[in-house]
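Here the structure is laid out as structure tokens; the discussion comes afterwards.
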Amino acid sequence: MMMAAEIANPSVSIQDLSLNFGAVSVLQTLNLDVADGEFIVLLGPSGCGKSTLLNCIAGLLDISDGRIFIKGKNVTWEEPKDRGIGMVFQSYALYPQMTVERNLSFGLRVAGVPKDEIAKRIARAAEILQIEPLLQRKPSALSGGQRQRVAIGRALVRDVDVFLFDEPLSNLDAKLRSELRVEIKLLHRHLKNTMIYVTHDQIEAMTLADRIAVMKGGVIQQLDAPQTIYNRPVNRFVAGFLGSPAMNFIDGRLEKDGGDWHFAVEDVRIPLATYAFEKEPAPGPAVFGIRPEHVAFNSGTGWPFTATANVEVVEPMGSDTLVWLKLGQQNFTVRVTSERTPKNGDAVSIGFDPLRASLFDGQTGDRI
Amino acid sequence: MSNSERPSKLFRNLNAKVASIPMVLTALVVFVGGTAWTVLYSFTNSKLLPRLNFVGLDQYHRLWSTSRWLVSIENLLIYGAISLVFSLVIGFLLAALLDQKIRFEDTFRTIFLYPFALSFIVTGLVWQWLLNPDFGVQRVVRDLGWTSFSFDPLYNSSIVIYGISIAALWQGTGLIMCLMLAGLRGIDEDIWKAARVDGIPAWKTYLFIVIPMMRPVFITTLVIIAAGIVKVYDLVVAQTSGGPGIASEVPAKYVYDYMFFAQNLGQGFAASTMMLLSVVIVIVPWAYLEFGGKKRG
Amino acid sequence: TDLEVTHWWTSGGEAAAVAELAKAFDATGNHWVDGAIAGSGGTARPIMISRITGGDPMGATQFNHGRQAEELVQAGLMRDLTDIATKDKWTEVVRPKSLLDSCTIDGKIYCVPVNIHSWQWLWLSNEAFQKAGLPLPKDWNEFVADAPALEKAGIIPLAVGGQAWQASGAFDVLMAAVGGTDTFLKVYKDKDATFAAGPEIAKVFKAADDARKMAKNTNVQDWNQATNLVITGKAAGQIMGDWAQGEFQVAGKTAGKDYTCLPGLGLNEVIATGGDAFYFPLLKDEAKAKAQVVLAETLLDPKTQVAFNLKKGSLPVRGDVDLNTANDCMKKGLAILAKGAVMPWTDQLLSQDSQKQKEDLFSEFFAKPDMTLEEAQKRFAEIIGSAD
Amino acid sequence: MADVASLSTSAQALRRHATGPSGPKPRHALSRRNIFLYGTLIVVALYYLLPLYVMIVTSLKGMPEIRLGNIFSPPMEITFEPWVKAWASACTGLNCDGLSRGFWNSVRITVPSVLLSIAIASVNGYALANWRFKGADTFFIILIVGAFIPYQVMIYPIVIILREIGIYGTLTGLVIVHSIFGMPILTLLFRNYFTSMPEELFRAARVDGAGFWGIYLRIMLPMSLPIFVVAIILQVTGIWNDFLFGVVYTRPDTYPMTVQLNNIVNSVQGVKEYNVNMAATILTGLVPLIVYFISGKLFVRGIAAGAVKG
Amino acid sequence: MMMAAEIANPSVSIQDLSLNFGAVSVLQTLNLDVADGEFIVLLGPSGCGKSTLLNCIAGLLDISDGRIFIKGKNVTWEEPKDRGIGMVFQSYALYPQMTVERNLSFGLRVAGVPKDEIAKRIARAAEILQIEPLLQRKPSALSGGQRQRVAIGRALVRDVDVFLFDEPLSNLDAKLRSELRVEIKLLHRHLKNTMIYVTHDQIEAMTLADRIAVMKGGVIQQLDAPQTIYNRPVNRFVAGFLGSPAMNFIDGRLEKDGGDWHFAVEDVRIPLATYAFEKEPAPGPAVFGIRPEHVAFNSGTGWPFTATANVEVVEPMGSDTLVWLKLGQQNFTVRVTSERTPKNGDAVSIGFDPLRASLFDGQTGDRI
């Protein structure tokens, strides 16, 4: 596992955080430093503890051990409202019987902020989020995207340092989701706040994050920039979790053949001359992974590796096409542009460059 | 192409219709039929036995000039207001307390709910006894030294209806609490979290956010309470029999007494009709809103 | 044959009395199935009537004789007993005759009177007066005069239970005692509303006002609990019918020694001939119909009459029975009866509807000290005016 | 962004030597909030328990002790006499067999009434929720309005109806009366519950060829435990506790326990035997109490499932 | 609108179907013929009547008018079970209290099929779907994908001619969805049943369908092969509905300039010489649409049209990258492979070939 690099003046710093629900340990001595103005995405499968971690940061859950700093202040025992955070929930959690304006102002009024100050802040948030015409409506009269903006607005008016998002887009349909994704990205660029964003949608993670923390079972597996995670996943889990369709994995053995390393499966041998090893390799069981878009058809020569495979299913997806192949006993997916697609049952020749591939230890799953 | 004819509408869902016969019969024969019959005979001077001897609105004139009926109506309003307000408030408060992730929640809930399993007769007897000034609470407090202490709600005309409500609340708030608790549990956790992040104190969250969100629960509860209020009878009989004097009379008892004690069915039916009328005025629009519309997509 | 008999005699004395009837009936080889309904006639009557009109009649049922079952008879639901009556010469044995008149509708006899109950008694606790250091009063007026002293001694002067009929009954007794028999009849028999609004009746209301003041500390519902207050000396007196006697008896009290009774409140020694009667619903079952005849005869049997009335504290409906085992109070009643000083009672004169209105009025009157006499009397006159 | 480690030592230092709050926020068992919370709950619970306590305590005292003592004081000498008397020998009129007879009558009334009323109402609710046919809503609304009609109003018409069918005074008649008056609220509960079940389930069963009864019996019923528990509790308490119908629509030899209780309590023979009355009262309430204690948890769940839908 | 071509022996034939809920008309005189063994996908936004149509075919809703034939038999008034259809629901609608085996056999048992026949059919279905080890479990002990298979199995055992699917994948996460998509495709190839499949996910529609029926407001807008719909949408709605990110639309005017048609917006003029007009064009307001993947960067010459635009947001999505541009006042999306991505704020030159574009009437939205 690769842990976060040290950050000078972290906006949010989580130190040795543990959390148990009764006997169940959900988070184990977790460390995470978030730089000022950074957009961190927590990504992971359902139940891996993303929301739990976010709730700990917000102070909505009592932690079992560890410390949490926000802007250098130890907020471990602070009330949520005193932590300088704003939070946007998956269900938005708008107060249904209040107008948008009151939704935005409720927290401020309770905190006793003067009227004109409230008005000013709402005006500003409404302008940023372009919800001025909606201020007098009730949430039930808003579309999903508009509700989402109001939910963000509620965090916005509070003038906080850190924004926490818990799967804010997962209730929306695909189209709206992609639009709002861009909006959030623009908002972040505009506000320059620190943002911690939970999702299990890898597209969101890839497009939004400065850094992604991929989590599994309450542990951060990898914390890095999106392209790094995509291209050089630290272990098999991360490799498999990112990318749709998923990376192709081939179980086999790592062998040394003369001076050159090979990956051997059945009677196929993939030369690893171009592969950049993470650490000194050793012979033994290993997993070879290559992304569908890094495989090409009818490649003739020029590829370090080529093979012949049978087409099982062709899935045209509009802009490009997925081809599901059988390579020996192994399922294999290839992604190509829509122009050159084989047909079901065709035998095709494929090729790729192991430079683009990832190799994992057969036992631990760690990158080799 | 074959051309099967559209089958008769009557026989579609035939089983469902057959199965609904008890409901339809009950609705038509008992509730509609019985009501119509009652209304019809309220215009007669039937005494012990129903007779179609029409006397126009005489029974109603008499009804509305009877002080006992007026007292009954007034009592019903007071009792209704008290039950409604207090059972909602107490029920909600208890539910809110129980919703604080407390220990022994089951035990507390059971304690608050058990009176609901007891009949009004039993409830009435027990409270009549507890409130009896000669050996109930008043006597106990006096024995403790406060000899001037006075607490005899069931024997004081001006407050007797409040005294009766004590028992009613004791018996009924448990159920209301249960309904409210179910409603509270139905509120999205995220709303609570959002409110905490916004720094809104718990009581304000309840008052301004949660309660308005529980509208449907409140409506259900309201209907249940209201149905109980109109029918209140046993409790009064068991505690005071309408006394002292006629200070705790209620309409349902008026109906019963005049139909059977006084052997004046016409008068009893006229009072029944007035009760039905008020029920219908309140309930039918609500029922149409609630159940008449398309509820499912 | 099993015959179900419904009644509302459930207090101690009453139950003992019913047991006598059951014993006598069982002795004829039939079986008395007891259908007691607790509460009062008001609770029990609707049930009885529902069952008769609902087509599930009992074998026999108690009503107060008078007008309570009038409509059931008119609807042809009750059995005509004229045959048995003629056979057994009821007209000769039943005394006073007015009792049988109440059972007669359109010339036919429909019920068997079993006792005479008179309302007009004032029961006094000797112990209470001793405690207050007062001599026993001779009549209502003296009693009223003693009230302040009794109160001072911590004794409730007059016990009036919370049940509505007690208040209303007490008023009627005052009317008969303070106003006199003629006044009573003028109001209840002739239903003279003008008279009821007049000064004669105002006097009665004045007396009722006294009673109301004397009774204000009674915190009991049932009549026998009120009686119990007198028995235990917590209350000085009670206006109640002769059935109260049964309670004194069950409590082992002796008339004259432990308690004293003043018929007609000591003012007007007349006995009202109210009372209980048994009615027989028309039955299809032959065997049961025969048993009904047996029961009817048993009820009027002299031995049964004696045994029953001794326990019940009421007077027998036959003049030819021997009652020398009767106690003081009962003997007083018998003497008055023998003098022929009788009058009809409201059960016989008023419909249940008017009775109920009257009960509502007086229960309110007794419970509400601030209800003025004028208002009460006005409403009373209205009820009399519309009575039937 | 990820500005790697120039000043990392300071962060490290922060980590090592941080002396601020760490770990779970300390919570005192006796915090003000807890005192208030549990204090209130306990006080209220005492209020709710008080009558039960008085009932039990009184039922275990002898009459002399009751007359002298304080209703709240525990019995100095425990006697089960009142219980025995209430159960077996308290008198109403000539019948001196206490509540025992009424108990079996109540069982005989309650069991079929509960079964029948729940059977009818659940089928109704199911038909209303899943097989909506024309006019069903109207009947349903009539039914709901019917829930508000005071029973007293309906006594007379029902006497007539039962008389016409010829079942007045029979157990059947009473069972039908209970079913009729249980129908509105139960139908509402079941309708709400079935409406909240996914309609796709119902449709899948139809595609599978199950008919009205097939779906009801094999799909819906097995899924409806919580609401059945609610219905059973409501009906058992309602019917067991019923007084009015029991007294009007039966005859003395089939009087239910409540009527017997009323008779015992109101048949004052001399002084009121409060201990016997209380014992009788507890005995009468025992069955619904037991049913309720056993299934209390399911009750709340069922309420949530059936009643609280807008 | 383009209606279905006549099909010789339709497996399912819907004629003039109308359906009203009270006063609301949900489907209006809809016609649809499905060929034997065809995989038809009904695609459309939420509330357009897809499920309603499916339920009409299944006989779960009483239609207001029209006729429905299945295998040549008029089933308009038949019970669902007699129509020879099987149905798979979005929530799977497994009977929760029955084991998988009993779930599968329920319909057969109701129909009184002999025991051994039931066992045989279940064995076959279980084999096809590979759920043999699950037969004794309850649905609550199954994963989403397994439930889905059981739901399909329930239709399978009934040996029906037509399978109806109502959004069978929409409750699953992205990964499982893409796997099960392939499974369904293979199943169809294996069984060769007629399948009617409802979805609002365009990827599913594109990858699964032989033909897609795009619906809107209860009316079929276009019924055609996926690629045809993708490349030659009949109207603006269809064009906008398919494709993610959505097609770029530019509002402007169609003008004739000499003999050549141009599309003019502000001061930009796009020559339409290479565009294949659907019908005789006429000058007037029009909408120009081009898909993000048909636009290229730094294209230099060689494109019929080029322009300069400002980069607003760059969204890396792993395999490729979305770039959101401002072209004059218009938002514009471009999809490129991940290798050559501009940065935020860059001014870039873009180019495309109008051959790939779609032109729509400004008023009616129909393709020109």
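Should a chain be cited, it is by its letter among A, B, C, D and E, assigned in written order, with residues numbered from 1 in that chain.
As a working rule, a contact is a pair of C-beta atoms (placed from the backbone, for glycine too) under 8 Å apart; a residue touches a chain by one contact, two chains touch by 3 or more.
Note that this is a predicted model, so its numbers are computed, not measured.
Within the contact network of the assembly, the step distance from chain C to chain D comes to 1.
Looking at contact counts per chain pair, the maximum sits at B-D.
When each chain is reduced to the average of its Cα atoms, C sits farthest from chain A.
Taking each chain's centre as the mean of its C-alpha atoms, chain A lies 92 Å from chain C. With centres defined as mean CA coordinates, chain E is found 90 Å away from chain C.
Mean C-alpha position of chain B lies 15 Å from that of chain D. Averaging C-alpha coordinates per chain places the centre of chain A 27 Å away from that of chain E.
Residues of chain B found to touch two or more other chains are 12, 256, 259.
Each of the following residues of chain C touches two or more other chains: 46, 50, 53. Taken residue by residue, chain E touches two or more other chains at no position, since every residue touches fewer. Partner chain D is touched in their complex by these residues of chain B: 9, 12-13, 15-17, 19-20, 22-24, 26-35, 37-38, 50, 94, 97-98, 100, 102, 106, 108-123, 125-127, 129-130, 135-136, 139-140, 143, 170, 174, 178-179, 181-183, 185-186, 215-217, 219-220, 224, 226-227, 230-231, 233-234, 251-253, 255-256, 259, 265, 272, 275-276, 279-280, 283-284, 287-288, 290-292, 295-296.
On the side of chain B, the complex with chain A involves touching residues 188, 190-191, 193-194, 196-201, 204, 208-209, 212-213. Contact residues of chain B toward chain C in the complex are 47-49, 62, 66-68, 132-134, 152, 155, 157, 240-247, 256-264, 267.
Those residues of chain A that touch chain E in the shared complex are 46, 173-175, 178, 181-182, 185-186, 189, 200-203, 206-207, 226-227, 230, 242-246, 291-293, 312-313, 315-320, 322, 324, 335, 337-338, 344. Contacts from chain D toward chain E in the complex involve residues 198, 200-201, 203-210, 214, 218-219, 222-223.
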